[in-house]
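Before I ask anything, let me first share the structure, which is written out below as structure tokens.
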Amino acid sequence: MALKQPDMRTALGSLQLANPVMTASGTFGYGEEYGSLVDLHRLGAIIVKGISLLPRQGNPPPRIAETACGMLNAIGLENVGLENFLAEKLPYLQGIRAHLIVNILGDTVEDYGELATRLDGVEKVAAVEVNISCPNVKQGGVAFGTDPDMAYEVTKEVRQQFSRPVIVKLSPNVTDIGEIASAVESAGAAAVSLINTVLGMAIDIQSCRPKLANVFGGLSGPAIKPIALRMVWQVAESVSIPVIGIGGITTTEDAIEFLLAGASAIQVGTANFINPQAAEEIIRGIEKYLTEYSLDSVQDLIGRARHF
Amino acid sequence: MPVCQQKAEIVRTEKLSTDIYRFTLQAPDMASVASPGQFIMVRAGEGLDPLLRRPFSIHQVTGDGSVRILIKVIGKGTQALAGLQTGERMDVLGPMGRGFTYSSDQSPHFLVGGGIGIAPLLFLAERLLKKNGPDAIKVLLGARNADEIAILVEDFASMGLEVLVTTEDGSLGNKGLVTDILSDLQDESAARVYACGPHPMLKAVVSLCRGRNWDCQVSLETLMACGLAACLGCAVLRADMNGYVHACKDGPVFNADNVAWL
Amino acid sequence: MALKQPDMRTALGSLQLANPVMTASGTFGYGEEYGSLVDLHRLGAIIVKGISLLPRQGNPPPRIAETACGMLNAIGLENVGLENFLAEKLPYLQGIRAHLIVNILGDTVEDYGELATRLDGVEKVAAVEVNISCPNVKQGGVAFGTDPDMAYEVTKEVRQQFSRPVIVKLSPNVTDIGEIASAVESAGAAAVSLINTVLGMAIDIQSCRPKLANVFGGLSGPAIKPIALRMVWQVAESVSIPVIGIGGITTTEDAIEFLLAGASAIQVGTANFINPQAAEEIIRGIEKYLTEYSLDSVQDLIGRARHF
Amino acid sequence: MPVCQQKAEIVRTEKLSTDIYRFTLQAPDMASVASPGQFIMVRAGEGLDPLLRRPFSIHQVTGDGSVRILIKVIGKGTQALAGLQTGERMDVLGPMGRGFTYSSDQSPHFLVGGGIGIAPLLFLAERLLKKNGPDAIKVLLGARNADEIAILVEDFASMGLEVLVTTEDGSLGNKGLVTDILSDLQDESAARVYACGPHPMLKAVVSLCRGRNWDCQVSLETLMACGLAACLGCAVLRADMNGYVHACKDGPVFNADNVAWL
């Protein structure tokens, strides 16, 4: 019994994962960057840097700043654009056994729709993760993810154009994240992933200027874990689709906290920068934990802390 | 080049000045593939604060598979690293980035280093020396005072290289800036300049080289989270002002003509 | 010039402070607890633990949990109640030169109104700080601070009953904190203070239960500083009344970041637990900084990072 | 009692077992006012992580103004503290809380300690010894194995006190739990019990004392952020279930009858 390997499989709608550990968008490049350091085949899934229809240059530097147990980033969604992604980045990923999930972003509902259309049916693209933390230019730049109706619209549009699972990635910068989650669920999302970064800033007291050229940036890393865990708990309560936990996950313990809170899978983000082996170590760590507590399957952990 | 991660043992620690330390790490895999101008990302302790790895240029590589880095104490990360002792381990990732391009040719080679920017030049000097004789190479070093570079000057000199030194307080070599002696060099055509140091110094070196049509490579410092071309945090504005290159992948060494100098 | 002592005075409406450094509610007891460790007379102001009309027992333990560069608390607003505060705690504070600001909390708008009425004119009470992060029991427990209208109501009520400056303390758990700030400004608040704690949680993976008996708790400490600083920046943009910066302030550098972002004063919270001398050290540190940069007054710092 | 904060020099470090360390700190101000059962709050390093201070009972106080604490390695805070060397400093705050109440009387005094809970009892034994002769005092110590307490047993014995020992693996003293020997003691009336250890042990001791009408004081452990009665994080349910007392102010030592035992 204790000798038998625990079952690590988990599901995001119709997408079956060999294990619940994925790498978060924007923290793992296009996978290849980590090829010499990580056994990519072992990962539950690889989520690539957010892709837009056209290439984006991103924000001027400085783009990052370290904070207490965290970091701020204002990369500005720099990416190679859909064409280059398909031509230059996809082939490498097609050689990797791990699932590929493409994170997409746009300025308008139409952008998201076109990205979904062009990615639909592309070999190896197992799912899309819709980053709705981006500003909606047609709505005066309010982020799609901060308004239930806009979040619903984007999700519905992508859902109509894309036949595989649609994961919607939620922004934590809202009063009631459960409300947004319900909206995207009703629009047909197969799963929700959370959290994206928390809006923050830092100031250099020598130069008396914001440390980031963009003034504001997204806070990530261990500092935000308690906030992310709370939101996962809330969202798992308000939706019935699978929840993917993200936010400061650095160790096995962190990952298990999210599973116990109700997450069906987790993503490792900033930790990839500090310890490229983090995701792999967490996969092994969860297996070890299940064995120690003589649990047969990772499914036995999901939401376990909710019924005490 | 394959990047590797390891907890390298510190086989030697030296305190070169009040705030500069030299660590010798046993890291054969890195030593065998490293080239001058490349860097490694070092974790400053086991804890979560400071969180990010710190980038350091490869200062020297020895035949017995060790890698050297110079660390100047700036904030809490370098503070923590400076406290490490021989026998302890450093969690290092590397070698990373694109280093200096150099070949064997007739042109004079000027290595220009300011302050801690001298670090990668020792490694470069050794490799250059193999390709070209000592006569073709001049080393120009600048610092605030003698304390900062005395030992480093020795290291270059002991290789049989001509070393020209300036200090801001005149406590060693000429009083002034390293760019002063660079401009004093009689206008040799087709010289190759390899520069590393504070941004104002690099700007001065670059404009000087442009005036004389000297080929100029600079090693740039930017904030870095990953060193792996994954976070895109290390953006550097292109010379054409149209988009960015990334210091950890396209650099840290750039041909001066490829990046913007604002 | 460099020898002349810099002017550390700052103002919150009609309330003049000798310096911009205060101790945050709930992190400094009723002042007396720190009497042997801190020169209380030196502080800009002391803000006492939140007071309700009647004593409160608070939540069952565990009430706190340590997190990465932060801590969670679910004290449950335990306090001695107004009567005991006036009878047992106030006399000691009346002997302290530093200003006293009373943090108040209630279940209903009426509660806040009565607290204001009974505190109005009480000797030594220089101002009240209204904690609107509390649930409004008449509105199904939604926090007053998450709805502009409720925030407006509470502020207006207190303003009418209390003749000295009314400071309203904002919750960070909202989509648009600037909107709430504007609402309380229009209701007559003399100043706003922010941020209160960020809602979070932690789970014990051995027992598979939330670490806090209350499940959710408030995240405080250095981890939240970038979020607090961003919100102070946003609020300073949306209101014209003074802003008081709170959130992870541990060192002089932290305090100066908040002043540069637009705060007219700051509060030291969780740092009091780790270093009781933190507030005093920050006062000296700001003086030193002003002298080094040869600035005459702390007023020269306020908002300085905004116009670069 | 005035609480004071200081960076106390570590004048001696001892490794008592695989995971228990004893530190002797030069802290005259604390030593002069401390009483048995009180504790100090120690900062685990200069950094921000771990953030909070850690509470430790005062283990011993010496005439020359030093304070001793025992530290068992549990997590990252105690891990960091265990690495401190003689000559380094510990940022300590204290003495805090209400300790044991004891007086000179005819009744037998039983000091019952389990595991690291033995820490405060040495200090108590010394003070109790001054008030009452050694004959009136019995020390009952329990631990997982000999390694954990061998040295501590010596410390009590060297004071001329009768020490009864139990270990779970029988490697020292009786095999079993400390509560077993407590219950073996013939039912002496009006005995005074002073207990510190894991919660289950305390519960057992308390019920045993109630059965015999023995006066029982227990030292409780709760999570603590400040130790100063400011954060209210250290709540302990009252015996009447109506509200809470606070371990850092009303405790950590409580009369067993004043708190709830669920």
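Every chain is named by a letter (A, B, C and D) in the order it is written, and numbering of its residues begins at 1.
As a working rule, a contact is a pair of C-beta atoms (placed from the backbone, for glycine too) under 8 Å apart; a residue touches a chain by one contact, two chains touch by 3 or more.
This structure is a prediction, so every number in the text was calculated from the model and none was measured.
The interface with the greater number of C-beta contacts, when A-D is set against A-B, is A-B. Chain B and chain C have Cα centroids lying 47 Å from one another.
Here the CA centre of chain A is 34 Å from the CA centre of chain C. Contacts with at least two other chains are made by residues 68-70, 221-222 of chain C. Contact of a single residue of chain D with at least two other chains is seen at positions 48-49. If you sketch which chains touch which, every chain touches every other chain without exception. Residues 48-49 of chain B are the ones touching chain C in the complex.
Taken together, the chain A residues at the contact with chain C in this complex read 67-70, 72, 146, 173-175, 198-203, 205, 208-210, 215-216, 219, 221-227, 229-230, 233, 248, 253, 256-257, 260-261, 289, 304-305, 308. Within the complex, the chain A residues that touch chain D are 68-69.
Contact residues on chain C toward chain D in their complex (touch as defined above): 26-29, 33-34, 36-37, 49, 57-66, 68-71, 73, 75, 78, 221-222, 250, 270, 272-277. Partner chain A is touched in their complex by these residues of chain B: 2-5, 43, 48-53, 93, 222-226, 228-237, 242-244.
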